[in-house]
Amino acid sequence: MGLNDQTPTLHTEEMVLQMGPQHPSTHGVLRVELVVDGEVVVDAIPHIGYLHRCFEKHAEAMNYQQVVPYCDRMDYIAAMNNDFAYVLAVEKLLNIQLPERVEYIRVIMAELQRIVSHLVAVGTYGLDIGAFTPFLYCFRDREMVLDLFETTCGARLLYNYMWPGGLSHDIPADFVEKTKAFVKQFPKTIKELNDLLSYNEIFVKRTANVGVLPPDVAINYGASGPVLRGSGVKWDLRKDDPYSVYPIFDFDVVVGKGEMGTVGDCWDRYMVRVREMEQSLRIIEQAIDKIPEGNVQAAIPKRIRPPVGEVYVRSEAPRGELGYYIISDGSQNPFRVKGRAPSFVNLSLLPEISRGYLIADMIAIIGSIDIVLGDVDR
Amino acid sequence: MITKNEELRTKNQDIKVNSVARYFSNIGKGFWTVLVGMKVTMRHLFTPAVTVQYPDARMTIPERGRNRLYVNMDDCIGCNQCAMACPVDCIAIETAKSLPTEDLGVTSTGQKKRLWVTQFDIDFAKCCYCGLCVPPCPTECIYMTNVFEFSDYDRKNLIYSFITLTPEEVAQKVKQAQDAEREAAAKKAAAAAAAAAQKATQAAQKPSATPVVQTATVQQGPPAEKKEAEKEDSSEAKPQEGQSSGSSVDLNESKPN
Amino acid sequence: MHNFVTYYLGTGFIGSLISSALPIAFVLGYALVAMYIELKVSAHMQDRLGPMRTGKWHGWAQPLADVMKLLQKEDTIPYAADKVLYVLAPLLVFVGSYAAYAAIPFSPAYIGANINVGIFYIIAVSAIVVLGILMAGWSSDNKWSLLGAMRTAAQLVSYEIPSSLAVLAVIMVVGSLNLNDVCSAQAGWFWNWFIFGKFPFLFITFVIYFIASLAETNRSPFDIPEAESELVAGYHTEYSGMRFAFFYLAEYANMFTVAAIAAVLFFGGWNSPFGTFMSGPVWGAFWLITKGMVLVFVQMWLRWTLPRFRVDQLMYLSWKILTPFALVNLVAVGLWTVLK
């Protein structure tokens, strides 16, 4: 539908447009400088840094325990996964053996958080494309999970729940049954979402064959998460570089197959997120019945003073590969904490996948990469 | 979960070649998916709304909810653990040593209180509600309540002061602690001078004693006193320093203020 | 049935004034009700409540409050705007939308102007809206407004064709452009309505007309011009206060116009669905307004269900799908009428 209709005889000047930092559809404060030739985008240069809060510098001044609330605030929509990666890194430095109960609960929380984060991604993507209603259905279900989180650790968005060596609180008595209730009723929401948005012909026409990302380009750029899997590359850190107790659970790695258009288009990336929610539900179903008994705070050290050394631990956050590189100099404060943010790397793809498409497609493309500016800028 | 849409999708995959057929199947798919979507929204028109009409109706905050902090000063022993645990330095604590004659009472956990807490400010504009200050407290006097409606028009009003002493009492306690410390320092200095003088006269009487040992013993005295004096110095209330987090020896040197 | 206004008040100045002021009263009242319905319908479709506090009982006064708010806003005109065009644009848009009410047969006893070319007049006068929108976009002195206005103009002009072809099919069956005649041709019980009686041709005609008219009113899924989450913000970005209220009012007036036309052409107009039961001059107005409101509700329902089209897809829909179907449909209806 008019992707590359540039007639060589008619030469026009290129125009530079700013999709400014304040824009309803850029998922945060992101400035995209578009160079357009008529309606066709020639280049899209993202400018970031509007949300930079010096996370890495702050981390050097706190002790390991105090860095956890800061980690939450990187990717604030998927805070549990941020904490998870960080505490895994610290525990690797300290070489702690965790009680099984801690591992199970962490996995359940991480998968619940993945569902929540994908609900936000999917809902706001619908909003960008113009469908107002699925957004509210997604958020209605999100409330159930946030209530679960609130009864467990007291907060709805920024949890400070996973501490190096354990968890801040044990799960309350009604957590298991409430989670089971959620697991039971969530598939209906996914079905509704599919009926209303995913297979809607208008939505498909807006997103299929748009923003196609070939798999080799994705790998070269270091993309990860649904962006990479949407292009057909079967790479999921929970299976390929497993951590915690993920090897125990049986789930599929969802990959884009080009059902509606080309492999690696926006629809594929969107659908990977929807299907990943189903897979997360499977993991939670398997885990929720088998949580072993134990004390979640047994392994938390009184004073965290890791030996001198460095470690890089990566985990599968909802947005991609989230890694923490920690250098310890033997003191209570880390010497350096670097967060490898998935959105930052995925955003660098933007110029590559938006060339040749229309301005109106830019919204669809940016939404499908699913960035959170807290993650991009830290 | 195979929806009708998914079935249609897989069925129509085969018609990729014939473009006329694709044209018509697109139109058909368009209509069908629109109707399915309309059915979903129509069904939702009749489901009850999930809105809780705040402020007339409120949702209950769970017991572990992390909202505004509260400090029960009767139990606070001024140990400064909460201020040290805070990642954003929003707790400012100053204490004054009590005189041996004063009885501050016992906390509910049975600990005897020895410090007057002369400043305990929490700046809720800075607080990130992480709850890291709650576990280190030995008497569990700081905890998070379920109060979340405390916004204010002026940022300064968000600095909550939890101490139970009046400003005059604070000034008095600080002064008496300073006086006591000064007296003690003077007494110790006098005692050290007297001891040094005595040792010097003894040394003059016994020249065979090894001077190294003597200087060592003599030197051990003042540094130890100096350390004690330093500790007492730093535990005094310093009214000039506004937001400094009280006394701590080594851990918080690198913390930005 | 005679027109009661002209019967009692004559066709002089007073009579004509009353005749033309009645629809305005209707439009203003209807706009408030339609705004409220939109707020509530959209809210309940999204599992929420909508306005509940303004006016104490379920927020009934919300549209009034909105109108008050718009009225008291500062009237800004951009510095480099073309002042004459800027001021005239909302008026033109509203006039174009409102002028169509002259020929809508509200009841057998009342029609603003009982002209022989009723429906032709309506289609023609609705095209003034395009002019107004172009003026608004151009005079705002804003790149995005201009782009938005051009897109809107293209959209409106393109969708007039299938819309007119669909209308033409019905007119061929009736044989007259006068809308009162169209209503009279559907007298009787509801199976006499065109949408049922001449199924499937006129059913497809109705679908084509409904989709085309949805695009005419700039409603979702065709709301690129006023989409908040798109790159361009739309032709009425620079308008605030009462001028914006005109655009808003014109949109709602347009919605009812197309709904009423669809009701007249396909659903029997002012005829009661039960034959002579509950029919008469006053009942006629009731039925027409009810049918119009049902179709307005369907428009709102579609808005909250569907995502929006991209501009080129919109054009594709109009030129490559709706227009061919409308043409084939026209030929089919014509053949059927002749061969019947």
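For clarity, chains are labelled A, B and C in written order, and residue numbers in each chain start from 1.
Just so it is clear, a residue touches a chain if its C-beta (ideal position, glycine included) is under 8 Å from a C-beta of that chain, and two chains touch if they have at least 3 such contacts.
For clarity, every value in this text was computed on a predicted model and none was experimentally measured.
**Q** Measuring from the mean of all protein Cα atoms shown, which chain centre lies nearest?
**A** The chain sitting closest to the overall C-alpha centre is A.
**Q** Of the chain pairs A-B and B-C, which one is connected by the greater count of C-beta contacts?
**A** A-B
**Q** Need the CA-centroid distance for the pair chain A / chain C, whole Å please.
**A** Chain A and chain C have C-alpha centres separated by 44 Å.
**Q** Would you mind pulling out the distance in Å between where the CA atoms of chain A average out and where those of chain B do?
**A** 30
**Q** Give, as an integer number of Å, the spacing between the C-alpha centres of chain C and chain B.
**A** Chain B and chain C have C-alpha centres separated by 62 Å.
**Q** Hunt down the residues of chain B that sit against at least two other chains at once, touch-wise.
**A** Correct list: 34, 37, 40-41, 44, 50.
**Q** Which parts of chain A, given as residue numbers and ranges, touch two or more other chains?
**A** In chain A, residues 133, 137, 140, 196-197, 200, 202 touch at least two other chains, as defined above.
**Q** Could you pull out the residues of chain C that touch at least 2 other chains?
**A** 45-48, 304-306
**Q** Which part of chain C faces chain A closely enough to touch in the complex?
**A** 42, 45-48, 220-221, 223-224, 227-231, 304-313, 316
**Q** Over in the complex, which chain B residues touch chain A? Could you list them?
**A** Going through chain B, the ones touching chain A are 1, 3, 5-6, 9, 26, 29-30, 33-34, 36-37, 39-41, 44, 50, 61-66, 85-87, 128-132, 135, 144, 251, 254-256.
**Q** Quick one: which bits of chain B touch chain C in the complex? Just the residue numbers, please.
**A** Residue positions touching the partner: 27, 34, 37-38, 40-42, 44-51, 53.
**Q** Any idea which chain C residues touch chain B in the complex?
**A** Interface residues on chain C, with respect to chain B: 41, 43-49, 52, 301-302, 304-306, 321.
**Q** Which bits of chain A are touching chain C when the two form their complex?
**A** Touch list, chain A to chain C: 1-2, 17, 19, 24-25, 126-133, 136-137, 140, 196-197, 200, 202-203, 205-206, 358-363.
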